[in-house]
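Here the chain labels run A, B, C, D, E and F in written order, and each chain numbers its own residues starting at 1.
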């Protein structure tokens, strides 16, 4: 259950209206990397963690809840930056003032003129926030990533926090309202904090590479295909050990067209750059399968289920439904 | 700020897995009339009510928060109905069991076979909920209506609650798990309760018809265009007084093609069915404009703003930003 | 079958080009609350009313047809407001004039400069309307609500008309072309007329509350959850009788967290605020089920079907297909 | 203005319910190549033809109106194929029957079991059509093409009719209801008829190649880049005259990588395969520009405009607005 | 397999930054008729041609590959037109300069001011291209047409090239950078070249009309429904032979409402305007079915399959999978 | 420029048709984590790296090109798994066979019966791949992340590879065709290889945390808000050092509601858990700004630009446009 606290998590203030910046700020309200996307990402991921990994569930829900709180801060700021628009629109019998500014000449209501950068502030939302990005594209769940595997989901989350951080960094350069800057700096900083939380949580899961359960085929893990002509950049991503383990190294395929023909479409490619055998991979696949599915099956009731206890005093969910 | 209470608002339970119903139930998770749509609709509408109408803001946020809590209940139920899928998928080295059921022959894992109705449960979400409707279409903010006018928004809300109610009514017919039925009945009932709340709130605003500020042009308000041939239905929507005021009545245009030509495209249409004059309409427009814009301008600071006080002990927001 | 009458329903005129307002006006062409959304909403709803409720079908199709006619008026107005753009673009060998205005200096073709507010007028549609909203988002059927239940659909329609009305009200403030104002005022007024039609039609269906067939669970219908801290607004939406029947009243849950735990997630919540028993609800459910499904089953052939008679001289559809 | 004729353009009949085929048929209701897409394509294109090309406007509107009439036929057929679903759903107090079929065992309501292929028929639309394709994706205006140039738009239309035709051809193979087959065959055939109409209309515009106004650069019109290795197919699309004029021929670039480097990224590419000079191209560009923009500018008022006369007795629109 | 050649197919250059034109140019990067849409259209169509029609496959893949190469040219041009934006944004500690231009006063960084036409260049993509159209709508596969029938697909392609051509023609009028003009002219010209390739390929398939396999019903192929009132345009699209064969002609239904009633919804419509009998149509349907399905079945293995040989020295694919 | 090599990068084979698995496999063709999403992500990111970071550009383009090659492998596999569908559909005069299987009884064409899981294989694409996910949702550029900052983009890429890997892992469990398994295992493994490439590339950029240029505000970086009641999980993500530097630690806010009020909405929050001063942060911001913007400005021409040299023999792009 959620509960709404009337105090914003951060004391959002504005020095005065700025519809133009309100329009840019929509990027973090209803945009791909905005607060709703963040909140929904962790919220949706949390469900499947609830029973097998209640500690990660607790973290995901705490952060999801904080992101909802940030969504509220962003919406509040946009609303305050648009103050005046709705009041003017309600003065519907007096068209003349609004019209004059469309001509771009009037100082006095320059604010509404600026709102014109986002036509929907004027003719659709009436001066309130719209659940879109800064270009007016409605928020879509296509932004949400949730794959029911914490070694994957937590990486999605680290990346998402990185993107949210850079968008705030960009936004910070387009307002000189000190109150708004302060709010943006808080929000930007929290993305950094969440990044570190997800990173630490990922490290508690071992092994966490490769993500998921199955190992890679050792014939194809260490190969770099140089799929372009001319001068080629070499670096730890295609030569030497890179971030591989001791004794492993990248195999650089300089002429992949020739290579693909010679290996009959990679089918005859031998293992190179690492010492893993197919047998070893299969063994590890079996072990990891047993381990991961065991963890989950053990914690997930196959019969009746109940999500929470009343009161819920432990982390673990009840393992079966109590009759009413 | 939001706060997460670990106890679900309703004690969601399931008697056992049912991936097929989980798939149907997505309609209320990420569908057009689902709980996220409801929560976001009221949440987005609330922002512009915050300063001028803090009592309606409080109601909108209470209900939005309840809808988030319902979203959680729906997600929890879907997750429990899918129990087993993720555990099996993690057993990735053992493909054979899963495969056998794709052939439709195995009793034992019929459950995963059923999950096949929603392929993404198997190959994308790994047994967790997806933020889509029951057909796999991602949630979109195109579902959200917020026009910064309570006489409009509250009507959108009454209609939205009606739709959500009927979807639960339909869903109730496709499960015979008594726990799930109980949960659905609670959720369905709450849509009815919210309907009544919005209705009561709308009635406190007077006049609330027509929605918004401007009156209709009396030449065109009472006309029904019979835009089809053959037998025509007559009823209070096109004859007699209908829901109009005393002494008013519908004007039925039986042959609209002829009528449009005769009136030069309605330009020469006289006032019929009501006694309003153009002057009266203009006067009312001016009065309503003054009244509504006055209410809002009075409550909305034109200079600095602060969203909440610390603590926020009154309904009204602070009228100006306090320095840090 | 549809038939196109070359005369517009309203005599749409413009005083001269105004690409900027054309861009705003797209909100009513391809926007969420625009004329296409209205037309398609009633058109889609009409199908399932055809056989069981032919009088409502007639009304829905009359209004749908009027909305298509309005869509045409809006498209015609946008086209006339863009006059000049296509002609200039066809003068493709002469780039210089167009270029000069991009610099913002030329008086003469200021019009095309203004068209720049919607880049697609210039580089995609070549000066014609686009089926998008004022921000360029393509129209989507996500805007359409049709649930095959008139107590729901008509409420969706009342709300939709309210939204369409307010958007015209907002738009009216951004043009001072008297011809365009006249057109907008006609269109805005018709939304009011439709509102009244749908309202009157809804009232002919009794009972129409709750929407659909099933009654609410009396334990949960009258409860208001105060899901936020601090000062709380009280009003007819959460105290007293509100719009409930005689002797009924809201039950206000001041501390819902405590309440949820005490009632074991609402499972042990008694009936409060109303006198309905569970038995009574079940009896009403059965009665309404019998009544509503009876109405529909009676009018809907289970064998062969034919949509219309030739000629169609009654409201009712033929109950079975006539052989060719 | 539109007018609705209660008789369907084609006598749509069904022999009995078939929810599964209803689901497939959605592809022509709310799908990419369906009737709504066709209707809206021609309708939107028609606006910009209204004043300069009133004959093409008349044709586009006639066909658009027919497509709306086809949309109605498809919707009617889907509705009749779903008969029974809504009636059962309204019998909401009796869940047991519906439930039994979900198990797949009951003969009697196999129909609803089949409706399960499209979950939204059951839990969202309640047995009515949804404005989606056969996979549940909502219709989007991204399907609409309108570029304000008849040499382009008519080609888009020919292609669109081709796609609509093949979809009906595919659909015909999945029903053995003779009534439905008859309807589909009518609809399929009309796509062929429209194809021929658009083709004939395109031929009345001369020259119509290249589409638009500007000629191609003669250095790049006749070149085929063989951008793949191995065996290469040769045919009139890359050797000989193809559909070029007398004395012209394709230039085949066998090794485009080498060629691009040698020509400094095509900048030094000489004219080959045709005799056009740059001067000739420029002259034609100027002539066509003058011609096409002349046609349009002449017919398009720069001052006030009125869309239709009352009555509209000629093809041409009034050239200026008549005062009210 | 694809291979990337570092030299662009055309030597894309810019004379200096122009964020405003970069924004317009997005229409050809991520827009409905842009290069990605073209590339993906032919690429997706190519798959089903691979085995039965390897010559058309080769052509489709050559052109798809060229369109990817054009996408790269467009992206490169947009990037160069935005040069400076990213560098300034990275100078994140120095907000002042950026701010000043938002006021519209500074000459020096007018460039970033112009980037404001596309807010996402500033706050989302940081000065790089976005995969959207010029209005910020994300690219969608709703643009893609692929129906597994070359008589349809090639017509879709001809139309698509026509649209792409006109968009470049429009774009050319909004830049006076000679380098950019040169690039656009190359790209525009290539659309003309592709048009001719697809046209020639279509002509090698005989018969190619009607598209697909099935003939039209001769009762409905030659009929024109005059679905509008008033003056009606007549032309080869609704009178005389049009583009029909010798001895065939359009049948003009002047009063379709009457006609539909008289023919009982077209069911009693006789064959007119052509001499085809139903028998003849059925015979042709059988012949074409046999022919087309024969071609495909013959070339498509029913057992194991392998896509390419190593090396692939013929056009045809291997007919069965070779064991590893 | 791209070049197409007729040999697939991997020797894709199938043992026979399997339309059901073809439908699941769409998830990697046109799904959120599929090969097109991967290819376009790196391709779009590459543009802004071209001039300032040509080594990373080379890597991004090599991997993007490989992903296009994988898209081709997936499409080829889907096509081969659907073999037979198109051939049957072309046999359009013979409906009976197809019909019989819809009844679910015929052994012989069970294959087409299976194709029914994706209706569009039958009635839209005619047996070819559709550019959708496994639920029929069209691919959208909303999946693409490109923020013009390598410390962000490379993290997005690592996460994206993780998601793609897990989807292949899930898919592997739903086919027992050894050829298809082999192909999937290759593709899954390459995601692991790319993961390591991006990871190694990210490590060459120092510092790479926090992503972007600006440091976090030290008052808010180390704080964990315990935004839920009941039992709370503690771990390195909210206690102790976590992945912070020496001497730093998480600050756990046990009662955030109280805390927010006490700190006046975090405004009065002191620095805790780390020793950074505001001055230090500002200094680092200035340094990083100077460094990063310097790198980019230095490499990015402010005047004329040329993307590639002919031939392009170095990694760096030409710094200015050479005249034609």
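We adopt the following convention: a residue touches a chain if its C-beta (ideal position, glycine included) is under 8 Å from a C-beta of that chain, and two chains touch if they have at least 3 such contacts.
This structure is a prediction, so every number in the text was calculated from the model and none was measured.
Shared contacts of subunit C and subunit E, meaning chains that touch the two of them, come down to A, D.
Between the contact lists of subunit B and subunit D, the overlap consists of C, F. Using the average of C-alpha coordinates as each chain's centre, E ends up farthest from subunit B.
Least-squares overlay of CA atoms from subunit C onto subunit D yields a rotation of 180° to the nearest 5.
Of the chain pairs B-D, A-B or C-D, the one whose interface repeats that of C-E, sharing more than half of its contact pairs by residue number, is B-D. The chain pair with more C-beta contacts between its two chains, of D-E and B-F, is D-E. Subunit A and subunit C have centres, each the mean of its CA atoms, that are 33 Å apart.
A straight line joining the Cα centres of subunit B and subunit C is 12 Å long.
The mean-CA centres of subunit E and subunit F are about 26 angstrom from one another, to the nearest whole unit. The set of subunit C residues that touch two or more partner chains comprises 1-9, 11-12, 32-33, 61-62, 65, 69, 89, 92, 124, 126, 132, 135-138, 140, 142, 147, 149, 166-167, 169, 172, 182, 212-214, 227-231, 256-257, 260-261, 264-265, 267, 308, 310-312, 324. Interchain contacts give a graph that is no line, ring or star and is not complete, per the touch definition above.
This structure has the following touching chain pairs: A-B, A-C, A-E, A-F, B-C, B-D, B-F, C-D, C-E, D-E, D-F, E-F. Residues of subunit A that touch subunit E in their complex: 20, 23-24, 27, 31-33, 117, 133-137, 166-167, 169-176, 227-231, 256-257, 260-261, 264-265, 267-268. Residues of subunit D touching subunit E in their complex: 5, 7-12, 32-33, 54-59, 61-62, 65-66, 69, 137, 140, 142-143, 145, 147, 149, 151-152, 155-156, 158-160, 162-163, 165-167, 169, 172, 182, 185-186, 188-190, 192-193, 195-201, 203-204, 209-214, 216-217, 219-228, 230-233, 235-238, 242-244, 256-257, 260-261, 264-267, 311-315. Residues 1-9, 11-17, 30, 36, 40, 43-45, 47-48, 50-51, 61-62, 64-65, 68-69, 72, 75-80, 83-84, 86-94, 124-132, 138-142, 144, 146-149, 179, 182, 212-214, 282, 285-286, 288-290, 292-293, 295-297, 300-312, 321-322, 324 of subunit F touch subunit E in their complex.
Contacts from subunit D toward subunit B in the complex involve residues 1-7, 89, 92, 95-96, 98-99, 102, 116, 118-120, 122-124, 126, 132, 135-138, 308, 310-311, 324.
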